[in-house]
Amino acid sequence: MINVGIAGASGYTGVELVKLISNHPKAKLCAVTSNSYKGKSLTDIFPSMRGFENLICEDLDIKSLSKKIDVIFLALPHKVSMQHVPTMLENNIRVVDLSADYRFTDAAAYESAYQTHTSKDLLKQSVYGLSELYRDQIKASTLVGNPGCYPTSILLPLLPLLKEGLIQPAGIISDSKSGVSGAGRSLSLSAHFCEANESFNPYKVGNHRHTPEINEILSLHSQQPVSITFVPHLLPLTRGMMSTIYARVTDTATQDKIRKTYDNYYGDEPFVRLLNKGMYPAISHVKGTNCCDIGIHFDETSRQLIMVSAIDNLLKGAAGQAVQNMNIMFGLDDKTGLNRVQGPL
Amino acid sequence: MINVGIAGASGYTGVELVKLISNHPKAKLCAVTSNSYKGKSLTDIFPSMRGFENLICEDLDIKSLSKKIDVIFLALPHKVSMQHVPTMLENNIRVVDLSADYRFTDAAAYESAYQTHTSKDLLKQSVYGLSELYRDQIKASTLVGNPGCYPTSILLPLLPLLKEGLIQPAGIISDSKSGVSGAGRSLSLSAHFCEANESFNPYKVGNHRHTPEINEILSLHSQQPVSITFVPHLLPLTRGMMSTIYARVTDTATQDKIRKTYDNYYGDEPFVRLLNKGMYPAISHVKGTNCCDIGIHFDETSRQLIMVSAIDNLLKGAAGQAVQNMNIMFGLDDKTGLNRVQGPL
Amino acid sequence: MINVGIAGASGYTGVELVKLISNHPKAKLCAVTSNSYKGKSLTDIFPSMRGFENLICEDLDIKSLSKKIDVIFLALPHKVSMQHVPTMLENNIRVVDLSADYRFTDAAAYESAYQTHTSKDLLKQSVYGLSELYRDQIKASTLVGNPGCYPTSILLPLLPLLKEGLIQPAGIISDSKSGVSGAGRSLSLSAHFCEANESFNPYKVGNHRHTPEINEILSLHSQQPVSITFVPHLLPLTRGMMSTIYARVTDTATQDKIRKTYDNYYGDEPFVRLLNKGMYPAISHVKGTNCCDIGIHFDETSRQLIMVSAIDNLLKGAAGQAVQNMNIMFGLDDKTGLNRVQGPL
Amino acid sequence: MINVGIAGASGYTGVELVKLISNHPKAKLCAVTSNSYKGKSLTDIFPSMRGFENLICEDLDIKSLSKKIDVIFLALPHKVSMQHVPTMLENNIRVVDLSADYRFTDAAAYESAYQTHTSKDLLKQSVYGLSELYRDQIKASTLVGNPGCYPTSILLPLLPLLKEGLIQPAGIISDSKSGVSGAGRSLSLSAHFCEANESFNPYKVGNHRHTPEINEILSLHSQQPVSITFVPHLLPLTRGMMSTIYARVTDTATQDKIRKTYDNYYGDEPFVRLLNKGMYPAISHVKGTNCCDIGIHFDETSRQLIMVSAIDNLLKGAAGQAVQNMNIMFGLDDKTGLNRVQGPL
């Protein structure tokens, strides 16, 4: 049994982690921390969470935590994570960090989008937690930088084709859409019901902080600098994310090769599903699951490839992939605790 | 042409007033004030409001306003209104106050629900702005206390039957439901998209501040103390309100008498519509209008009467009724500026 | 391991049953039937349901089913169920019927709301499947008439107080609200997105078919004819149901006695939760669970008791309670397969 | 006063036309037709439409109509329009057709997407009703083919830049999103509340019927064959549409030239608004208006231009633009009857 702690348990990602670990057959939730609700039980904070009357949000005290847990999930704001991670590792707590602090190899790229990095030496050690593409490194790691939600939805369809030289690295566009839960539980006018409901809009056009994360990974895998055009939009729904991605194929690409490449990469993966020709993902088909659905349309004449991917931003885009990474780190099957059947509603 | 000012123009009720006055054939919008957006134009605050680039939110300076306007709408918080109204009246500005400050006759009732009343002498002078029932007094008044949204939806169906002795004053229940815009534009967890969306819940059970307002008016008209049971609920939609009201009829009541009474009170009213037998209101049928739809079901055996009323909380429940009251105060037809055709979407 | 069949698996209730049984540790889904999608796999019908490529919707052929299954859930329309149930029982298939066909003791009451009953003799044998109140009879039964969603939400808060003489049987009112999934997956104008979205309305006022079901059970338990006032409304959300119930208490009732009574009935029940004083249910707190939350407000002066209950209409209001009943019938703990932790989103 | 008829008045586009004409100061609604609701009044069909008790849906009898009306709006299905238009013109009724039947110059392009064209000779005479770009031809015409909603949202931002040679005709992508009302009021599983709510998905990828319409107009104006990549998606909201459009600029293009070109084309247009740098449209900003908002982002390094446009699919995308075209045909100011102030909710 893996003893688990969750830091930042009172945010939307935090509670998803609480749910997943509570329902996990090989893990035990031993400690939760929350800055905003210290001393309160999870049931007090979220009446929907029954049976947690005795799980009290505590301080993030690493010494005390180290006696209780083997691994910690950090659902903390950027910058806060890196204040704690070095000490956690020293205390033999393995870390899955859901902030951006350990997603980058290049500290300068991180600093261009976030702030001064104060834990640079660990960037060499940390592993990017895109489970399907980094499984071997994750297995051996003690520190995983869990990917952003948009990067997950964009990299899963792009990486296999880029690595195999089937699409051109230049001119890639991702038109992405996220539900409101992506912005978290803190208050803002754009998350006010009356402002988000019955509306839809792009935001942070040209300067979203997930862009350098996406570009770094794409560049690493195509061995040349890749810079995508990325436009995120806000959907009037609670959970779910879709990326519609446009790329030019290379001369050797065919519909058949593209499908076969996906099959090679994901055919045995439980959480990535390539849809049949003519079928496309819907957010409702992946909501509540750790899955990424991918549908493609290839126009032979224009040589334009359209890839559509859908994930649940709180699961494959955050907590679900984090648990998948924990499973990999501890030698469990990826599916453990993540394989529940979901339905259409 | 009536010269109009709107105080608190940057809240949801304030902008509804701006829209209505801008579209009003006999009124001219001369000044808007806002505490939060001083110095900004309405188009800056609300990109949906085009053509207001030159209407800049100013300070609430009564001297300066008195040179420009004949009447002011106060879309201000409770307590703030009564700090300004006495001076406004002295400066010959007529007032339609959308806060609760001048809705009550009995200062003690106000104080039980709100705070110390600092303008008690004006309570004798102010008129309760339920347009259909107080038209004559509104005509002659310089200060109107515009009713709350819940009270409007509850009093319109109840008052005619109570006044004519067709329902028993004891045991009246109103199960009411409001859209999220009723809570205004300020930030709160309950108005967070992810918390309100796909949910529904009662709130302030037994202690909502509209209860004493409803009870005072019902008591005045039935000449005995009336105390209703009122349970408000939060609907996952932006605008609209419904009250489902349960009352016992008196011995003399019949379906026919009930319908005739409504017809006497509202048959010539443009904004109250009694639906045919077997028909009930829907929020979509009144959204965007100043109308109150009423449907009734009378069970002869149990002598129980069900009245269902629907309004747009921002219009008949606030800004629309306020403009209707302005029309009455200035001798215009009630419908002026309020009579636009609406459709189902 | 219990071998399970599900008839009508392609409706919203049917797929909830499929999910629950698939995730159930002691049950195995052996057969599904569907009239509309015969020959198709569940994954074809619902792309969100992965891993069901080989579970093909078949004909409802009882002989063939009887070789494969121990129990069948009937998510069939009223009238269709009773055409099959007698033969199923003869073939030793136990039945949990989610239609109304076996909910009534009195065939005349059924016929007043539905149609001619063609399986009257089985009404003596069938047990009403309100799990918490009928557990002993369910244990011994081979045929359970699973309660309607509205009746479940109304009877759970009312029955303990009525049985203990704490509320008056006359004058009970239930103002109930249901999400759109309650109307099923078949097409209708009222379930069209543009008609239901941003709206709210009562329907079938005074003549909803759940009224006689509620009245029969209330009458049985209070040993006198009880006739409630029941007004259902349509909420603009997918899943969830709330009933706000108003009753007069009897002379002996106190807040304390009421709470103790609930504690006696439900204190050990895993799926019924009495909320603390001042707390009320929300649909988001029960969505995705088999739970019924109950909050109460008692006004000592008016002697009026307000009970608010919330359930997920597809779970405790249908498929969840059906599986709870199967658990009881087969000697399992009620919670088996139903005890997953849920979160706020 | 213009005497107006509306054919197909009971669909969502039809009722928007009824609203607009009813609120129009220079037009009179003289006749409405409906296939589904013949003999019923509009108030019967839509309780939200008050005061139409006497406007009864009649047969589409051109002889009888020609005595009453000067112009007719056809909110009819494709194919039905062209069965009636020739006779209407012979009877001196001017026509604004909202179906696709008269949008094309090239009958073969129409036939590739729809069906055999049976009124080809009129294609030379009919004018494409994109008001801002075809104003002169519309003025002189008796038959206007009103543009599709997607084409309107895509052509308004693209045409000025294409015509002035600022963007490359090859490789244009439009990632478009529409609310559910775009699919009309007829029943379908994809418009079922429970299927569309909380979901989002692409549809008709690579084969939407608006593609040839867009391509024909783009080709005409850039004097070479243009073929865009167009992916429509379904948004979980009732009304509104957004297109996020990606194009490569030509060598001479600069941010400044692009803004100046828009200013030349639309600076005096009441219904097209170029947003300031860094500002982007939102559906809530145009809902309920006849406006198209355009926001642009130009990346100097990649030479990639992002154009985002938002319209109300039922207004600028259908009924609003149709009335704008009627205004132009009858020598009125474009804004007549379309210039009402809207607010954020």
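Think of it as A, B, C and D in the order they're written, each chain with its own count starting at 1.
Everything that follows uses one rule, which is that a contact is a pair of C-beta atoms (placed from the backbone, for glycine too) under 8 Å apart; a residue touches a chain by one contact, two chains touch by 3 or more.
The chain list, named the UniProt way, goes like this: A, B, C, D = N-acetyl-gamma-glutamyl-phosphate reductase.
Remember, predicted model here, so these are calculated numbers, not experimental data.
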Chain of greatest Cα-centre distance to subunit B: A
Centroid distance [mean C-alpha coordinates] between subunit D and subunit A, Å: 39
Centroid spacing, where centroids are CA-atom means, of subunit A and subunit B in whole angstrom: 47
Multi-chain contact sites of subunit B, meaning residues that touch two or more partners: 12, 181, 194, 197-198, 236-239, 282, 284, 287, 344-345
Graph class of chain-chain contacts, one of line, ring, star, complete, other: complete
Residue numbers on subunit C that touch subunit D, as the complex places them: 12, 180-181, 185, 187-189, 191-194, 196-198, 236-238
Footprint of subunit A on subunit D - complex, ascending: 171, 173, 175, 177, 194-195, 197-203, 205-206, 227, 229, 231, 233, 235-240, 242, 244, 246, 280-284, 287, 295, 297, 299, 301-302, 304, 306, 308, 310, 344-345
Residues of subunit B that touch subunit D when the two form their complex: 12, 15-16, 18-19, 22-23, 46-51, 181, 198, 238-239, 273, 275, 279, 282, 284-287, 289, 291, 293, 314, 340-345
